[in-house]
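After this come two complexes, each holding chain A, first together with chain B and then together with chain C.
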Partner chain A sequence: MSKTIRIDGKEIPFEEGQTIMEAASAADVYIPHLCHHPDYTPHGSCKLCSVQVNGRNCTACTFPALEGQDIISQSQELQEDRQRITQMLFVEGNHFCPGCEKTGNCQLQAVGYYLNMLDNHFPHFYARREMDASHPDILIDHNRCIFCNLCVRASREKDGKNVFAISGRGINKRLVVNSSSGQLKDSDIDVNDSAVHICPTGAILIKRQGFRVPIGQRIYDHHQIDEVALEQESESHGR
Partner chain B sequence: MKQFLDMVLESAERQPVRLLRILRAVQDRYRHIPEQAIDIIAEQLKISRTEIIAVVEFYSFFHRQPQGRYDILISDSITDWMLDKANIMSYLSKVLKVDVGTVRGDGLVSLNNTSCTGMCDQGPAGLINGYALTRLDRPKIDDMAVLIEQAVPLSEWPAEFFQVSDNIQRPGLLLQQAIAPGSGLTRALARGLKETLTEIEKSGLRGRGGAGFSTAMKWRFCAEAQSDRRYVVCNADEGEPGTFKDRVLLNSYADQVFEGMTLCAALIGAEQGYLYLRGEYRHLEDKLQKILQQRRDDGLLGQNILGQELNFDIEICMGAGAYICGEESALIESLEGKCGIPRNRPPYPVTQGYLHKPTVVNNVETFMAAAAIAVNGGDWFKGAGTERSAGSKILSISGDCAKPGIYEYPFGVAIKQILSDCGAVDVQGVQVGGPSGSFISDQELERQLAFEDLATGGSFIVFNNSRHVLDVVKNFTHFFAHESCGFCTPCRVGTSLLKKQLDKIVDGHGSAGDVAALEELCQLVKNYSHCGLGQTAANPVLTTLQRYPELYQRQLKKISYEPGFDLDGALEVARRMANRDDAGAHLTQVEE
Partner chain C sequence: MADKIRVATTSLAGCFGCHMSLLDIDERMLQLVDLVEFDRSPITDIEHCTNCDIGLIEGGVCNSENVHVLREFRKNCKILVAVGACAINGGLPAIRNYMALEDCLKEAYIDGIGIENAQIPSDPELPLLLDQVHPIHEVVKVDYFLPGCPPSADVFWTFFTDLLEGRQPKLPYELVHYD
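This part shows the complex of A and B:
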C-alpha cells in the first residue's frame, strides 16, 4: 500500500525519501517556488514554497513527505504572505521589468503575476549593484540576483565547474565569480553551461539574444507559471 | 608571505575545515586577507577562491582591506549605550584622530563598532586587535592614545586595560562548589555509563542555551544513531547581547565544562570534541589551552582516559564575529570552515552534524551541570527548581542595577527577587533572554524564571524609568539586521525592512498606517524565517508593541500618510545650483 500525504484536502501518494514539493509536483499540484529546481539539491532559501504542515510552517522543497501529514498550501493567508515575500525580493534588488530582456520569460515576474502582485509594497533599497559585461557571450546584471543559488548549484553539480558562489552576510550578500579578477571573462564558464541557462530572473543573460522572441509572445505572457512549472517539472519529480 | 602561509597551513594540517583558523592567522599578521593569500590558500587547500572570499566576507573580523595596526572595535550592545558609549566613541575618534568606520591615513589605527562583546557587566567595552577592553573612560582612552602613538606593542600595555572580572555576585547549586577534576568521570565509570545517563535523565536537565531540549534525550539519540564516528561540541559562541555567563564559566570553571564534554563523549562514544569559542573571547584562549594540556597530562583527556578504554580529546575552534554561529547547525558549518549558514532540518545534528556524523551540541552551562550531576546524582539536581525546570539557572545581569554580574538561582525564582538582589530600583522593564527573548514591564515582576513561564539563555538586562523603550528596541532591531546570515528572504530582506520601518517611526516620520505595517512585517519575518534568528528578530518590537502601544503612537505624525522620501530635501542640490531659494523653488508633497 502506498503512503499518502494530504495537500489542501487532496490525498497524494509519495515514495519514501521524497520531499513534499516532489510529491506534490508529481501529482500535478503546484507549490510556488523560485530557488527550487528538480535537478538540483534543495536549497530552501527563497521561502516561497512555505506550506503549513500539521500547523507548522515548513518549506515544501526541503521538508520530507511523511505519512499522515496534513498540509495547507493554497490558503489565502499563505498566498498573501508569499506575495509579500516576492515583494521583498523585488525591493531588495533593482527590477525594472519593462526594460529587462527577460521580461515575460522571468520566473520572479511570473510568480508575481501568479500571486496577483500589483505593487512592490515595501520601500525600495535602491542597492547600488554592478554589471559584469566582460564575457563575450554572457552578461551578469547583479541588480536582478535574488540569491537563489541555482547558478551556484548548476555549475557545481552539473557543469562540474564551480564558477559561482554567494558571498557576504545579510543584506550585503552578493554573487561572486570564481576567477582571478573576479570577472566572468576570466572564469571557465561557457555559454552552453547549465549555470548560464538556469537563472529564474534576468540576472544571467546570454548576449545577442535580445528580443529574438518579441515581448508579448513570451512564455508567461500566455501561460501562468503553475501550468508551465508542472509541465516542465512534474515528470522529473515522478522519478 | 609564502613562507608564513606555509607555516600556518602546516600547523592546520592543510585541512579545509580549519579555514577559519588559517584566516585568523593571516588577518593577525597582515591586518587583512590579501589577494595573494587567498590564491595561495585556495591552491593549497584545494578549494575555490570564491569559497574563501565568501568566508572572509561573512565574518565581521575578517577584512579584505587592511585595518589599522591597532584595530579598535567598540561594543554596540544596549548596555554599552547606557554606559555612555556614544561619548566614549566620539572621544576615541577625536583623540585618535580617526573617523568611526575608517582607518587612519597613516594606517596606525582603525575604529569601528561591533556587536555585543560579552562584557555588559563592565562596559563600555571593546576589542583591540581582538583582545577585550573593559570599563573604558576618558583617562583610559588618553593613556591608550599615548601607547598607540608610541607604537607600544599590546603585550607591553599595562594589564589593567585587559582586566576582565568574573563578578560572581550570587553563587548557587553549581557555582558554590566546582567538582574536583576527574571526579565526575570517576563516579560515572564506577556507577556504570548506562546508569550515569539514566542519572542525567532523572535529573531533568534541559539545555541551558535557550531552547531547553532534554539533555539526556539528546545524548541518547546521538548514541543510538548508526555511525562509525560521533562528535561532542560545546557551544561557547554566546552572542546574545547581555549574556556573559559562559565567559565566566570558562574563565573559572573550565575544568568542569571539559569534564562534562568528556562525560558526554564516554556516554555517546565520541573520540573528538570541539569547543567553539566566540572570537570576542580571545583573551581566554591561551588559558583554556593550558587547562586542556593539564587534563591531558593528568590522564583526563587523550588516550586511555583514567586508564580505561576511553579516548577523547578536545580542540578549541575560534569564531570570527558572527552571532548566527551560535545556532547549532550554523556553528557546525563554521566548524567545517564555512560560512555560518544554518542547515535545513531534518536531518538534525544528533544524526547528521559535524562532517555529517552524529553530533551533540550543548551549551557551556549544560556540560558543566552534567558533570556535577555525574558526581552528585540526579536527585540532587532535581531537588532544586520547578516541576518542568529542574535545577538552577545561571544569569548574566546587566543594565540599571547596582551590582551587575553573575547570579545563580533555582528555577522558579520570581523576577522581583532577582531585581532586589542585584540592586535594581525604579525599574521600568526587564529584557529577559536577550533581544530574542521578551521585554517585560514593571507590571509583570511576579513572573517566574522557568521554562513554564519566562525561559532564558541567561541574559537579563534591567532598564529604569530614565530609559526610552524605543531606543532599546531600535538597538536590538539593528542588531538582528546586522547579524542576519542573509540566507533566506524573510530574514535577509525582512530584518532590514524592519530596521527601516522602525527607524521611520522612532525618528518621527511615521503615520497611522506605519505601526500596522510594522506589525505585519514582524509576523512575516517571524513566521517564515529559516532559523531561530529570523524567527525571534521581531520579538523586541512585538513584545513592546504589546505592552507599550502608546509609546509607538506618540511618535506618529498626525497625518494619515508620511512618505519615506523627502521631496523638498532632494531639491536642495538643484536649488544650490540654480542659486535660488524662493518659495517657488520649494515643494510640499503632503498637505499638513
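This part shows the complex of A and C:
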C-alpha cells in the first residue's frame, strides 16, 4: 500500500525519496515556489514554498515527504507570509514591470498576482545594479535577479558548463559570470543553453525576442501560475 | 439618498495615464457622477482639496511640491488610494534613482541632443527636486492600492462599486496587473 501525507486535509500518496513539493505537484496540489524547478536539485532559498508540517514551518521543496505528515499550505497566515516574502523580493530588486520585457511571462510577477499582492509594503532599496549586454544574443539585467540559483543549477547540471554563480551577501549579493572579464560575451554560454531559458524573472533575457508576443497575450495575462505550474511541472514530478 | 461621496484626485510624478484610465469607465461615468462628487481634480480645476471621503493619488513623489500635495490629501481624505505603478513603487520615473540627480539634469538640459541655450532651470518658483523618486507609502499612510500601469477602468469601477456598496474593495485575479 502506498504511503500518504495529508495536505490541507487531503490525503496525498508519495513515494520514498520524494519531497513534499514533489508529492504535492504529482497530486495536482500547487504550493507557490520560485527557486524550485522539478529538473534541478532543490535549493530552498526563496522560502515561498514554506508550509507547516506537524506545526513546524518547513520549505516544501527541500523537506522529505514522510508517512503521517499533516501539512498546512493554504492557510491565511501562510499566504500572508508568502506575500511578505514576495514583497521583499520586489523591493530588493528594481522591478518596474511596465518597462520590463518579461512582463506577462514572469513567474515572480505571476506569484504576486496569485497572492493578490497589491503593493510592495516595504520601503524600496533602489539598489544600483548593472546590465551586461555584452553578449550578441543574451542580456543580463542584474536589477531583476532574485538569486533563485536556477541558472546556476541549469548551467552546471544540464549544460555541463558552470557559467554562473552567486557571490557576495545581502544587498551586495550578485550573480557573477564565470569568464576572464566577468562579462557574458567571454563565457562559453550559448543561447540554446538551458540556463538561458530557466530564469523565472526578466534577469536573463534573449535579445530580439521581447515583444514577439504582445503584452496582454502572454502566459500569465490569461492563466494563473498555479494552473501553469501544475501543467508544466507535475509530469516531471510524477515520474 | 445619502450625500454624495466626495472624491479628490491628483497626479504627482505620473503621466496622467491613470486619470485617462479612470475616464475609460466611459458611460459608467454617468452612474458614477450620481454617486460621486469631485473635489480637487483635473476635472474640476479646484486648487486645494477640502474634506473628502476618497483621495486618489497617481504618480510617485519626486519634488517638494509632491510632498506638500500628498500631505494635504492625507490630511483631508478619509481613504487615501495609491493609484498605479508610480504611486506604488515609483514606477518608471524611479529609474532615475540609479543616477545622480546632477547627471539627470545635465542630460535633460545641457548634454541632450538638440538642446539650444543650455541651462539647468533654477527659477525659485520651481519646486525643488528630491534626489530620488519615492512611492507614496514612504511619505504618508496609504489605505488602498490599485496596481497597474495604468490600472484598467474596471479596476476603478470595481473599487468604487465595492466601496459604495459597503464592501471591502477586492480585486479579482483578472484585474491584478503590474503592467
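Following the convention adopted for this analysis, the second predicted complex is superposed on the first by the 239 of 239 C-alpha atoms of A that agree within 3 Å, B and C clash if a C-alpha of one lies under 4 Å from a C-alpha of the other, contacts with A are read in each partner's own complex, and residues count from 1 in each chain.
We adopt the following convention: a contact is a pair of C-beta atoms (placed from the backbone, for glycine too) under 8 Å apart; a residue touches a chain by one contact, two chains touch by 3 or more.
Source: prediction; values computed, not measured.
Student: Report for A:Asn120: first if it touches chain B alone, second if chain C alone, otherwise both or neither.
Tutor: second
Student: Could you let me know whether more residues of chain A are touched by chain B or by chain C?
Tutor: Of the two chains, more chain A residues are contacted by B.
Student: After superposition on the shared chain, which partner residues are touched by A:Ser155: those of chain B (first), chain C (second), both, or neither?
Tutor: In the superposed model, A:Ser155 contacts neither chain B nor chain C.
Student: State whether A:Thr62 touches chain B only (first), chain C only (second), both chains, or neither.
Tutor: The answer is first: A:Thr62 touches chain B but not chain C.
Student: Could you tell me which stretches of chain A are touched by chain B in one complex and by chain C in the other?
Tutor: Overlap of chain B and chain C footprints on chain A: residues 91, 123.
Student: Can you list the chain A residues touching chain C in their complex?
Tutor: Residue positions touching the partner: 90-91, 94-100, 103-104, 109, 112-114, 116-121, 123-124, 126, 128, 215, 221, 224.
Student: Where on chain A is chain B touching in the complex?
Tutor: Touch residues, chain A against chain B: 42, 44-48, 50, 57, 59, 62, 64, 81, 84-85, 88-89, 91-92, 122-123, 125, 146-147, 162, 164-174, 176-178, 180.
Student: Mind pulling up the chain C residues that touch chain A in the complex?
Tutor: Checking each residue of chain C against chain A gives 82, 85, 88-92, 94-95, 97-98, 132, 134-135, 137-138, 142, 144-147, 149, 170-171, 173, 176-179.
Student: In the complex of these two chains, what residues of chain B are touching chain A?
Tutor: Per the stated touch rule, the residues are 39, 48-51, 53-54, 57-59, 322, 339, 344, 346, 481-490, 492-497, 500, 520, 524, 527-530, 564.
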